[in-house]
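Chain nomenclature is as follows: A, B, C and D, assigned in order of appearance, with residue numbering initiated at 1 for each chain independently.
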Amino acid sequence: MIGYAFMGAAHSQGWRNAHRFFGLPVRPAMSVICGRTESATRAAADTMGWAGWTTDWRQVLDRDDVQVVDICTPGDTHAEIAVAALEAGKHVLCEKPLANTVAEAETMTAAAEAAQARGVLSSVGFNYRRTPALAYARRLVEAGAVGTVRHIRAHYLQDWIVDPEFPLVWRLQKDKAGSGALGDIGAHVVDLSQFLTGQRLTEVSGHLTRFVERRPLARSASGLSASGGAETGEVTVDDAAVFFGRTDGGALATFEATRFATGRKNAMRIELNGSAGSIAFDFESMNELLVYDGTAHPRDAGFRRILVTEPDHPYTGAWWPPGHGLGYEHTFVHEIADFVRDVAAGTPPAPSFADGLQVQRVLDAVERSSAAGAGWTGV
Amino acid sequence: MIGYAFMGAAHSQGWRNAHRFFGLPVRPAMSVICGRTESATRAAADTMGWAGWTTDWRQVLDRDDVQVVDICTPGDTHAEIAVAALEAGKHVLCEKPLANTVAEAETMTAAAEAAQARGVLSSVGFNYRRTPALAYARRLVEAGAVGTVRHIRAHYLQDWIVDPEFPLVWRLQKDKAGSGALGDIGAHVVDLSQFLTGQRLTEVSGHLTRFVERRPLARSASGLSASGGAETGEVTVDDAAVFFGRTDGGALATFEATRFATGRKNAMRIELNGSAGSIAFDFESMNELLVYDGTAHPRDAGFRRILVTEPDHPYTGAWWPPGHGLGYEHTFVHEIADFVRDVAAGTPPAPSFADGLQVQRVLDAVERSSAAGAGWTGV
Amino acid sequence: MIGYAFMGAAHSQGWRNAHRFFGLPVRPAMSVICGRTESATRAAADTMGWAGWTTDWRQVLDRDDVQVVDICTPGDTHAEIAVAALEAGKHVLCEKPLANTVAEAETMTAAAEAAQARGVLSSVGFNYRRTPALAYARRLVEAGAVGTVRHIRAHYLQDWIVDPEFPLVWRLQKDKAGSGALGDIGAHVVDLSQFLTGQRLTEVSGHLTRFVERRPLARSASGLSASGGAETGEVTVDDAAVFFGRTDGGALATFEATRFATGRKNAMRIELNGSAGSIAFDFESMNELLVYDGTAHPRDAGFRRILVTEPDHPYTGAWWPPGHGLGYEHTFVHEIADFVRDVAAGTPPAPSFADGLQVQRVLDAVERSSAAGAGWTGV
Amino acid sequence: MIGYAFMGAAHSQGWRNAHRFFGLPVRPAMSVICGRTESATRAAADTMGWAGWTTDWRQVLDRDDVQVVDICTPGDTHAEIAVAALEAGKHVLCEKPLANTVAEAETMTAAAEAAQARGVLSSVGFNYRRTPALAYARRLVEAGAVGTVRHIRAHYLQDWIVDPEFPLVWRLQKDKAGSGALGDIGAHVVDLSQFLTGQRLTEVSGHLTRFVERRPLARSASGLSASGGAETGEVTVDDAAVFFGRTDGGALATFEATRFATGRKNAMRIELNGSAGSIAFDFESMNELLVYDGTAHPRDAGFRRILVTEPDHPYTGAWWPPGHGLGYEHTFVHEIADFVRDVAAGTPPAPSFADGLQVQRVLDAVERSSAAGAGWTGV
């Protein structure tokens, strides 16, 4: 695994636990973790349960005992590492966003497709697809529970930078993060919209904004030297993004991604309204799915709050009895379990790099629309 | 009162009840109701408690005992009636939308301002401002509870025409209704956004859409002769509208108005996120307001569900004890009570025709933006 | 109508509005209101819309133009007035509790049955039965949606006397109110439990308690002379009651009625769990009913939040479109409408005085159980 | 660890993960797991990550490398194993209920106190105390947020045996499980009531009931031989328990524990109402705590929905960012982390065996009250 920060910890939890609960055909061995800083990487290996560590990701690719590379670094490094890993014959699981630019994502997708022809597989880590309630929602939509989708309403609301004194961490710098709320959290709801409906966004109109232009420099922990508390730097990504779009299936979709929704901690919300029914989800209540059956008599119809913790819901049968919910980290355990099974079976896992590229293209269209006055822009 | 349908019934309930619960300086006498169809108007007069009836609205204006005219007709007739009534020296309460076009709304506003100079007053009926929870929200915003507003997130979701067999009623015809979801329900959330924040939308980007192009002709009840079940007519208004905008206070606002949100019956939702806190409201739970205090320690902070039924909340002290909620119709009782008080005191009531005109201008900008490819369009 | 306070105002709203929305066979004329204090009664007549007033309730019974007497006084006066009214040939609607003692309730019930034989009808005002969501719940239970009822879980939680400085109003005095939380609000949930299930409580075990023993004397408004702020009187009713019981249908029921549930304003909650499903209701969200279909596959099952505002829900078709909710007072409008219809048709209305007596017997059994150490006590 | 079923899996997850997220002074080595069936035990060791396995729990006590014994077996075996383990100098973590009888629990508590004098520590596994929201609630109560507690309202509602065809598993047999809903889930809410308030129940009145008397014999998996589908056995535990009680702090507590609450999967709910405020919790939304500040002006007061996922909430700082919730299993990770820290520090962990005994005494008093006609019964 390359990277040991937030996503590194979450993925490690996935690698440690997947085989404890899911009957995997192979049991993953956690060989080596790679980071830039020696001491931190060594500590992470110990804490997170990796047998070895290194500060040079190319060494990881050289090892014969490494079959899978899991990339958890910031987006600006994804392309180089992923392409090299695929060329080295390693299966690759790459954290989202696939890349910081469409061009990089295209290169990666081409590499992935070439690798797949050689039996080397890859996937991009849109972990929220593995939330049981959303995996179940996908099944419902496929079974026709929503009918013809009319509306997609997707929000991802956070509030961690409302305070203008919050420092200028790497996620607020365009050269490292690629984009702000749009790419970090908007990417998830774009992916989920397409995953749940099986449709693709074809056109968008959008607007990006920044509410706080300069922030205090972050402490050295994030790689910056802060020579004084008063020193500030420029925020170079968006604080919030709003956009709407049309899908190839005729649905009208609206999106909002923001880090300024005071009081909303991780409100990833998505609702579909269709000719036959509706579904609604909020990650702040991740074990629940709301389902409306529009074919019932209106007198008897209502949004059903389904606790997605039953034995035959996706993933949950491997865990605890009904009503004993799961948490955020389980999305990663499920992601790893699915990935390991697919790789073991030689089946191309989903979402593919091509799926990740499609999301990047949507985000890119939003940026272009915003730059050009919000007019309709093709994906 | 001119008009006896849905809004006529709601306003009549207001006129009958306002003085029963609010200590008004004058007690309204319900003199005469006017409609197009004689038998229906006579029946409405009896049911709704009007002393007389007529089918000629000009006769109403001729009566000396009529001091106030309440206009509850479809939007295409507002301008003519309102201007005539103001010129006849009658105070006017006009249902929203103020008019079907900006030009008409401008004429009406000019007439209202001229009349006001003569002591003849007028107001436009954005009844939702009189929801106790929203009136209380306005007080909170004025007191700084939200701080600098960053986000306005406003939806008005209904589902009454999801079924393509639902008939072509007058609200689906542009010549009568002016517009569809945008003008009918979108107008409410535009008004509330501006009312709650005290800010004005200056620019918008939007898109209108229609999911069902033709519908069965309505029965004669709505004035159409249906010569056969199979006969259909063209829907000439929008089914749904999505738009975002910027306010003169720097907030980013998103809007969605639709009649295709399967399962959402009257989900008029509005949320404000600001530097100091947030408020959130859903008309489906109209006696509640959610308030988040962003100045509290995050450990102790959460959205407070306030039951807006206390003696010192707006309007509620006139009614029942705490926890004994009000309903939709009470917004009209409050509207009438406020209007009567203002008229009796000679105080220009709010919202004024000019406020209604500003809403029409926003809606017009959305239509223009939609027609021109969704680019930013000035209000 | 006898009585002009809280219940007087609520019932008057019912009498004024019932014929405006429901097609009643006769239109009630509001002849005369009666109260103890002349000035307040006269003012109430004017505010509430009664043609005349008196301070002697016997005068009301003497009037030939009075056909219905609506009793809204404290419970200690119900028996005398109701019996006299029935004997005078007046139909009687009596606010709950039917009486303050079982003996009085028995006398009243005997009088009601004798009167009914003469075509003189009567009913006790358990208004919450007329909440659309609860009337709909009753229909569902009758149709088998719950199956064999296992659990009844009923709470009525308020918090208006948490503050020990809240004064000693008449509702806290046993000679006037009969009992405290038990009789005032517990009576409602006992009635609803029996109404919804169609079963009767046969045995109970219960406990009454008082958290605050003495309170400041109330102002003269409630008939007491307060000679000084520091003077206090003894609270002679219960502050809270908890009890459980068995029904003749084999269900296990639990109840809690309290005025000390800090933060709960009018949380009248009732849930039924049965072999085929469950229903749940909370008056703080009175336009909603939660329904669980236990016959569905657990994977697809969940509590459905039904907005009870559809045209074919009980009562709601007379009012506004779906999603435009009703309030507390509408329960009284429905009560009056039902009562007028039944009286006009000569049909004995429900709930009868006998039903009110049965509730009093349950409450009495709870008091006896509490006094005797909480053991099982027959109703 | 002794036992490998549901609780065995949950505790193993705790042992594997505690040191990954919490900075423990020692890192647990998972030496040996013990079960009755060789093949299943061997498989569990492999799946759950235990180095060795055995079918003889006495062998575990003989091993010098074992310092802690975690008992996850049915309640009838706790006393023998725990006492032996303590005598062998092993620290003991024992799943609840502490034992199936008060006598056994007393023996265990005596053994625990004797062992503690020798530095051998013990704790009983009321894992729900480690739910972050409930640990935070305890802090709030200690800080006075509720004031004088008036009401405790505690429910534990499940529905897994509503179907009368559900088989007669060990949890439905008194000789193995000790009691039914009362001991299995009622025990949790009794413990939490006392934990949250810092008060003890002194008297109770209760009733146990059984809705289904006989059930099909379970398959051999649970140790029974099912000679035919039609064969049934007697259910010997309660299906549901209702009781109320008084605490030594003057609070009135109500409890309901049932496995027949159709649609309620794991609704462990507890609410406290006090002179200064209220708190409310439902495990089906385990990352949330509702808090009502009764000292605020009623106009501004409401139940705050706090997402208990902030860095300085109990336990959550070790995990993910705000809004990224935890699940059921995390309560065990926290339990193990707390236990390991306490054992390493030589601090007696809470809850102690004496705390477990107190809960057993309450349950026993409920059983005695139920048997004796529901009268008040001392704990």
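Following the convention adopted for this analysis, a residue touches a chain if its C-beta (ideal position, glycine included) is under 8 Å from a C-beta of that chain, and two chains touch if they have at least 3 such contacts.
Values in this document were obtained by computation on a predicted structure and should not be read as measured data.
Of the two chain pairs considered here, B-C and C-D, the higher C-beta contact count falls to C-D. Using the average of C-alpha coordinates as each chain's centre, A ends up farthest from chain C. Inter-chain spacing, taken between the CA centroids of chain A and chain C, is 54 Å. One simple way to say how far apart two chains are is to compare their mean CA positions; for chain B and chain C this gives 36 Å. Work out the mean CA point of chain C and of chain D, and you get 41 Å between them.
Contact with two or more other chains is made by residues 264, 301-303, 307, 322 of chain C.
Contacts from chain C toward chain D in the complex involve residues 150-151, 153, 155, 157, 159, 162, 205, 207, 209, 211, 240, 242, 244, 250, 252, 254, 256, 258, 260-264, 273-278, 292, 294, 301-303, 373-376. Contact residues on chain D toward chain B in their complex (touch as defined above): 136, 289-291, 298-307, 310, 312-313, 322. Residues 6, 10, 12-13, 16-17, 20, 47-49, 158, 160, 264-267, 283-287, 307, 309, 319-330 of chain D touch chain A in their complex.
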